[in-house]
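Next come two complexes, and both contain subunit A; in the first it sits with subunit B, in the second with subunit C.
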Partner chain A sequence: MGNPTIPIPISYVSGKYLLFSIDAVTYLRREHHVCGVLIGTLPQIPQQNVFLGLPLELMPEEARLLVDKGVACIVDETKAHDGMKSLLEEDRRQYLRELESQGLNASRKLSDRKGQQREQVLKKLDEKAKAKAIKALENEGETDTPPTPSPSVLDEERSSSRSSNRTSGHTMAMGVTPTTSYPPLAQPTSSQHLPPPNVPLSYPLFAHLSSRGYFLSPGLRFGCQYVAYPGDPLRFHAHFLCVSAEWDEEIDLMTIVNGGRLGTGVKKGFLLADQKSPRLNLKLNEWKVCEHSVLSGQACEGACFCFRCHKTSRLPAVVARRLSLAAVKDTSGDALPCSI
Partner chain B sequence: MTTKRIENPIPELSQLSELIDSTSASTNPQAATTLQILHNLQHQHLWTSLQIHASPSNSTNSDSQESRPPLISGIPPNRVYTHPDEQLYMLEQGLREDDLRPERLVVIPTAQGQNWSLRRMAAVFDALDEITITTEDDEADLETRPPVEGDKAQKLEEYYQRREKANATLEWGSKRVLLGMVNKGMGGDGTVVYYIVQEGEVKPRQN
Partner chain C sequence: MEDKDEDAVRGTSVEPTQVETDLSDETQDFRLLSHLNLYARNAAHPLQANANTQSPPSSLTDTSSPGLPKRGEKDFEPNPTQHQADVLSKSREAMHDALAHPRLHNLNTRVIAYYAPDGPAPPPGIDIEDPARFGDKGVGANVHPDSCVYVPNPKGQYFKNMGQSDRWNRVWLLPEEALFLIERGSLDIRWPIEMTAAPEDEGPEELSIPMSLQAAYACFMGRSGLTMERYTVYTGLKRTGYALTRAPGWDDSAQVEGLKDQNQECASQRPLKRGAGLAGILEQLFSWAQDPFSTRSTAAGPVVGCGMHRNYNNIYRQLAVIPWYDPSLAIDRDPLDTTPPFRVVFHAYRPSTPIKKSAWPAPDFRIAVVNTRETAAIPTLAQLGALLESTPLDPPSGEKMKRLVYMRLRHGYRNVVMAVVDQGIVSYLRIADAAFGKEKLYETQAASMGNKRNGNFRGKKR
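Presenting the complex of A and B:
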């Protein structure tokens, strides 16, 4: 699998950032820890949504990160395909011929594989027949059984049919549907690239976690902004449910309770971080974990806090209940039924 | 048909209410919350050598978000948090949590409905180095522990050295505090829940 040419064009189609080349998808996942979400179904079976394929949809943050790194560029797909009409007839033919040769190649490979499989099956059948014949020969002395055709005859029949099949192996070219249109069209030049995508305020957190080697995926499943995996999501469980907040943003403590409870329930930490803060008077070593520079070289530090639920009740259930009921009495000061 | 009247005298105040009333905390909700959590730690969770670290006196300025709240510190009977890597090291060394000397942990007293910001949380973490322990119970607690035998003592020594190194590199997590939250106000039943809050990205435990 070859490496794609850099910068990789990210197709901007109706507000979405999409990738259509499998080479680009695997390269970005391998080298830049950008996974995206596969969204393509088969046109014939659109209900099948367990195993999705190309295209790959990127979050705006992912697209922005790749553009900022200089790995990718944003291309307006609609505009880029205007060139399709002005394609020269000669180029068009050439392209079609190329596709056909690719198709021929594919069908040849397929028929080769089929032939191999067929040969293997036939070999097995031959062996079985031979074993049967030998057994029959051994039995012949004792009982009068009708003579079976000798293995040599079988062999001849088989080999003749085999050779005839091989020669008549169809060489119809398979239809090839390319996923990208950049061989016939020229790669868009840098003047045709769109500006970097607009990103939400949580982008600095995204960029920071990504720079620390985390794989990030959308947080919809866990009610957060990003889910951070320490390695490829196919191999690792996520570590954090990430939520971004502003430095002075008022956070209801219930948010922390909810995040902490949910995070602990799914064996993850709830990570609350600010994006950008004027805390420049802090000692740097103290904030080693948190410092990150984002947005065009502008240095800023952030605070990352990780919340985990602490299981308080090591006490037996009854005792715990009594204590919490005692607490009821404590706070209100009024009489409450307190019978256990 | 006769109805039986049940004498329903006004109950006495709870120990906690008396404690809060007996101090000057009754007029200051934050101080009352602090006392309530301290009471909970002391009697429900059996923490020892508890101490309240009042918020700095210059906190009377208008910017209340900037000021840190009073903090509580104390020694829990069992270890509250062990970093997964630390746990692995301890397993390899054959040490148990009970073998380690007790550690002081800081608790932030909060009540449900309070609003917090990351700035305020960061102020608490900054203040962790500044708080001074005045209670003498630490030493006394150490003395009452049975002395450990030669082999284990050496392993413990190794562990403490390793931990110092880990603290410098933040391998085993960085600063951590406990966030204690009282269920208060309308319909609040006074339950206190605790959350571990850590600074930086600290990988989760396999609990």
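Presenting the complex of A and C:
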């Protein structure tokens, strides 16, 4: 796992931000908690959707965060590949030689592995035969047993398979499809980099949670904007379903109730966030709605909430008002109808 | 740091729930994969780190089983134990190894293709006198003009439902087909020789440069309407075995010719011809024929009216004053007379459907692809209605549907699959045109009504 050179080039292809370098993917995941979404097919198991491979698609938010941190830059990949036309003769030959050596290396490894497997199988066969022989010896006193295959037969088998191995062992280089185009292309200079990506209004929430160490991924699966994981999603379940709003935005009560119900269903908290004075500071107030109390309709206003604020814990008046209204509406008892 | 405290903390790990098991719904632990890996570091014991806490399911350690792994175990939240850090770094290592797996082509089975940036063209050196005679650019009428990769020597199973061959037996692939094949390591695409090699080169075959995956994305993505969302849906379904073709609505800018006239025509015809109006009139006629003495005027008299009421069904029929929509009467709409992205772009076929490339059968599924970042709003009824009307009538049929009301309603009369893509994550929604008005519950439950009447009757007898 080598470390990539900084800034890491993010490929801009058809409006999307993609990563093709495995080192970059591992590094960004480890150091910057940027996971992205794998969208490619794994060549070793291509007929399934559980494990996917490169490329990695980044949200515009993720790409922007990395560019703002100075870790990455955006490269117009389509334009960069026009460079294939002006490839030098020498470079091309060298590249092809390199690919051939890679292919040779791979085919050697593969045949080694095959050899090992064959060895293992033969060993097993050997052991089985031995066990049989011992058993036969034990039983010999009582009954006549057919003669066990003599070891010479096995040896013969083995030697023949070995020799066939040797003949196929003369390896030819396999064809290789490289993952990235660098080399043969030269890394684009900083003047060729694209401006930082445009991001939606929810970017402050994304940046804030990311700065607090959360791993974020797109939230459509859970009906929200981002899903926040306390650690690497490889090892941890998500804790929050995040939805961003504006400071003065009237929040529809159904959004809160729906979010709460969705969150409860998947054992996650529903997190609404907004941002005060966006241009000056990125201070965020977060609160978590206690979805149970809202839904059962027994509590009113402030009692419905437990606050998870980092500094102040002010609930926008709009939400408080609407919530008390909801509590009145909902005192009939049953859960509010909810449909998504 | 392996001590008692750590064991206590470790006890909080969340047990995997077996209720919902769509594995692709969550990030899975790549360690489960390492037995498949050519360059794996510890292929023998993929879940070694876990071995002392819990014996992992036998299928995970069994390196010979090629099946898919079961759902892995995850922790609730990070804690500062060395154990957790170890497991995480092992997982990441496994992920790194899995993703770093190279795409190799065995010399005997490899299929070489060439990129043709300018679209389908006859082989170099062959001049066609009259290109128009053989379809677009003279390669044959059945080659899709958006194709951009050709395979001179097509072999293997993949061309059974992908690509179209031209007059020289070369198979032309569409960008998504080529990209899918290179990505799964089944195709070795080369840069066009004239694009990378100097003209004085002698052995062009040896010097054609293999295209990288990155180059393939850069060249094919965005070509002729192929967006990342569509490609994500395409590969997602291909990986699970479906066959896919482009639907007529692929091109977003395509519109029906003479759309204006048709629209005007439709506007005047629609209120009469389809939906509630016609059904309502029919209903009225029908009920009048059945019961000519009833008073239908709700303004002047009672809804049900006076007269002889022999059974409940007649009463219910007269109570049905709210007009309803009958999807089976809706007119078929041109697939292009819809608003993108609410338009069918893919036809999908189950793996069991026999496929002939020259004549594709009627699709099993029609798929529209929506990008959440571009289309944030839920489609309007008009958009959804148009989308549904552009699919053919598919009324519920079969023995099971006949029996079960809910199945009928769920199946609907027209249906379409909407793939909603959020940054590479796809949700599939099946949208169907249900006809609640057609399911007359009072008719199906007449038997129980009859019992009641019998009961009353008996009472009188007594």
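Following the convention adopted for this analysis, the second predicted complex is superposed on the first by the 227 of 340 C-alpha atoms of A that agree within 3 Å, B and C clash if a C-alpha of one lies under 4 Å from a C-alpha of the other, contacts with A are read in each partner's own complex, and residues count from 1 in each chain.
Keep in mind that, in the parts below, a contact is a pair of C-beta atoms (placed from the backbone, for glycine too) under 8 Å apart; a residue touches a chain by one contact, two chains touch by 3 or more.
If you're wondering where the values come from, they're calculated on a predicted model, not measured in any experiment.
A.B. asks: When the two structures are overlaid on chain A, which partner does A:T78 contact: first (subunit B), second (subunit C), both, or neither?
C.D. replies: second
A.B. asks: Name the contact category of A:L234: first (subunit B only), second (subunit C only), both, or neither.
C.D. replies: The answer is second: A:L234 touches subunit C but not subunit B.
A.B. asks: Of subunit B and subunit C, which one touches more residues of subunit A?
C.D. replies: C
A.B. asks: Quick check on the superposed pair: does A:D248 touch subunit B, subunit C, both, or neither? Answer first, second, both or neither.
C.D. replies: A:D248 contacts subunit B only, not subunit C.
A.B. asks: Just checking: does A:T177 make contact with subunit B only, subunit C only, both, or neither of them? Give me first, second, both or neither.
C.D. replies: second
A.B. asks: Would you check which partner chain A:N198 touches, where first means subunit B only, second means subunit C only, and both and neither mean what they say?
C.D. replies: neither
A.B. asks: Could you tell me if A:T189 is touching subunit B, subunit C, both of them or neither one (first, second, both, neither)?
C.D. replies: In the superposed model, A:T189 contacts neither subunit B nor subunit C.
A.B. asks: Thinking of the overlay built on chain A, is A:K268 touched by subunit B (first), by subunit C (second), by both, or by neither?
C.D. replies: In the superposition, A:K268 touches subunit B alone.
A.B. asks: Per the contact definition in the header, classify A:Y95: touching subunit B only (first), subunit C only (second), both, or neither.
C.D. replies: The answer is second: A:Y95 touches subunit C but not subunit B.
A.B. asks: Return the residues of subunit A at which the contacts from subunit B and from subunit C coincide.
C.D. replies: 230, 239
A.B. asks: Write out the stretch or stretches of subunit A touching subunit C in their complex.
C.D. replies: Its residues touching subunit C are 1, 11, 13-16, 18, 20, 22, 25-26, 29-30, 35-51, 53-55, 57, 59-60, 77-78, 80-81, 84-85, 87, 89, 92-93, 95-96, 99, 102-103, 106-107, 109-110, 113, 172-182, 184, 200, 217-221, 230-237, 239.
A.B. asks: Tell me, which parts of subunit A touch subunit B in their complex?
C.D. replies: The contact residues of subunit A facing subunit B are 209, 212, 228, 230, 239-240, 245-254, 256-257, 260, 263-264, 267-269, 271-274, 277, 279, 282, 288-290, 303-312, 314-315, 323-324, 326-335.
A.B. asks: Given the complex with subunit A, which residues does subunit B contribute to the contact?
C.D. replies: Within the complex, subunit B touches subunit A at residues 8, 10-11, 13-17, 36, 40, 44-45, 65, 78, 80-81, 110, 112-119, 121-122, 125-126, 170, 174, 178-179, 181, 184, 188-207.
A.B. asks: Give every residue of subunit C touching subunit A within the complex, in rising order.
C.D. replies: Of all residues in subunit C, those touching subunit A are 14, 23-30, 33, 36-39, 68-69, 74-78, 84, 87-88, 91-93, 95-96, 98-107, 110, 112, 180, 182-186, 188-189, 191, 195-198, 206-207, 209-215, 217-219, 221-222, 226-228, 232, 235-236, 239-241, 372-373, 420, 422-425, 427.
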